[in-house]
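Okay, got some structures for you below.
Both complexes shown next keep subunit A, but they swap its partner, so subunit B is in the first and subunit C is in the second.
Moving on, here comes the complex of A and B:
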């Protein structure tokens, strides 16, 4: 039998999305700077850039789904690409968060005289780690357990059960984000209240942002699972979402221990 | 058979039949001699082959050559013997008339 191609690779078609994504990113950064400084039209350029970026993300990922699920270009060797890509992306995210932990530790281990030589800084009333943060601590890992349940369901070919498990994962994620939102709403300090507020909201804020991205990723996986896109032989998108989710999970544990707990007493 | 389409499906089908799709891509085996030449599979009547010599000390820089159907080839460096086995439709590999067809 002669196959449709004599190699296992995916030779991609020319695509406008790399350049449209680049232009969107350029408009977003330039527009963002203009918006935050006294320039006219900054908000307009920023919005245009964000719309461009979101549109590019949608159509680019739509094309990847067409090429993989509907056209069968993602052979075993092709699947290695997005796998390594996801892992390296998560490694870069680890470094991103490492910097925030460094900043927080730098300022808290030897508190400067400007903040009273103590941590939390003089005059800052912190959140009690044993209230909402402690309640959130089992919620996010439970969501991580639920995504593992979904993974086992996919590997066992139990398609419906995988959808239920993903729904459970996403619901726990939403509960976590809801609690974080409540906590932010009633926090007694803001991002501009000393180095404590800055490091606290930078680290937990970026974590929350990543939780929201991970939740969207999992929702997409749930929809694709419902549509029958994911098989037990081929579910790279789901695996990437699960890795990402575990990463977000681990970051929370470090946030709880070092920023909420250690940094709050 | 799991749900799949296109080349991914061909790959999975081949796997279920216990063969690797690109099996012919990595020919290996014992050193080819005149009596028992190294067999290289090909979809067409000729294929570019590289001889790396024998194991360890006997390895040499790769010698590339056209291996043609019905003609054995002896490596000028290590005297390894090669023969082509056509496993596909045969004919010229470039999909259109080969200069060899005209004489």
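Moving on, here comes the complex of A and C:
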């Protein structure tokens, strides 16, 4: 830390990434709308926007890691920011998924006459919850156990074991995603098949998307652990990834019970 | 110069007002290892992970080997296969049996 600085706060330098991220988001939104409607160049603008966004994410997080590791700006008080931020983000994600469960329950508890007055709707062949979904149910908690193993290994200063634990976490995550992909390809209904297909794929699709995000988050943590970024005392990024992973895990349990199991019989 | 003096005085007073100990984040408040050390906990969770992975493998072998039955195709109800317009990439969805392969 700079010697003249007599406080433990991090006064950030001016950065181009907020505006570049905003422009990327704008191009992604406009490009996405253009792509989904018959406008020329929609796919191009969408790709450009996504590349811009991904680039911004990369360089912004690279800067944050430099500020944290090389410049030592992430003091105990600065670490509180990302901790509260991560918790609030996860709380907002809980609300996001609450809406999908609400939509599913709204449609299934009193099935409309248009779908035959029954749930699952007449004509829908549902996925058997006791096959792939039941198999996926212990995979995510096992992955959660592996991330807890990684956490204790980091706290115990066992750097190599922590990398192995994160590799195990990510492998289990990839197996889960693989099974979900398999199930999606084999599903006898699509997102356009009645309110059942819509609510099913909205909820499970967003969950799958979150699993992929969490997996990327854990892969980054594994790489950072391998590079020696994470210490016994300072590993906020890892903690955020672990919280996020447990959240994704819990959402799956609710999905299994209420959408696959209860909603499928 | 003057602003620098004021700023340093402000930051010094802010340090005095807020004792450093209050900045410490709650330590490991989600951990179940109140009485044990982390090496013990790491070894325990490593075993739990192996146990979990082994039971997942066993379950996978059992479920994937028993095979599943397919019912016959249901009639084309009006609320099924709703397509008001094409997808940006064509008439078929990404995760479905392709009906219009030639397009």
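Here is the rule we go by: the second predicted complex is superposed on the first by the 261 of 265 C-alpha atoms of A that agree within 3 Å, B and C clash if a C-alpha of one lies under 4 Å from a C-alpha of the other, contacts with A are read in each partner's own complex, and residues count from 1 in each chain.
Just so it is clear, contacts are C-beta pairs under 8 Å (C-beta built on N, C-alpha and C of every residue); 3 or more make two chains touch, one makes a residue touch a chain.
Keep in mind that what you see is a predicted model, and the values were worked out from it rather than measured.
Judged by the number of subunit A residues each one touches, C leads among subunit B and subunit C. When the shared chain is aligned, subunit C comes close enough to touch A:121, but subunit B does not. With both structures placed on the common chain, the touch criterion links A:70 to subunit B but leaves subunit C unconnected. In the superposition on chain A, A:6 makes contact with both subunit B and subunit C.
In the superposed model, A:82 lies in contact with neither subunit B nor subunit C.
In the superposed model, A:228 makes contact with subunit B only, not with subunit C.
By the touch criterion defined above, A:172 lies against subunit C but remains apart from subunit B after alignment on the C-alpha atoms of chain A. 6-8, 75-76 are the residues of subunit A that lie in the contact sets of both subunit B and subunit C, per the superposition on chain A.
In the complex of the two chains, the subunit B residues touching subunit A come out as 2-12, 21-22, 43, 88-89. Of all residues in subunit C, those touching subunit A in their complex are 8, 11-12, 14-15, 20, 23-25, 28, 31, 33, 37-39, 41-42, 44-46, 48-49, 52-53, 55-56, 59-60, 63-64, 68, 70-71, 74-75, 77, 79-83, 88, 93, 95-96.
Considering their complex, residues 2-8, 70-76, 228, 231-234 of subunit A touch subunit B.
Partner subunit C is touched in their complex by these residues of subunit A: 6-8, 35-36, 42-43, 75-77, 79-80, 83, 114-115, 121-125, 128, 130-132, 134-135, 138-139, 141-142, 145-146, 148-149, 151-153, 155-156, 158, 161, 165, 168, 172, 175, 184-185, 187-195.
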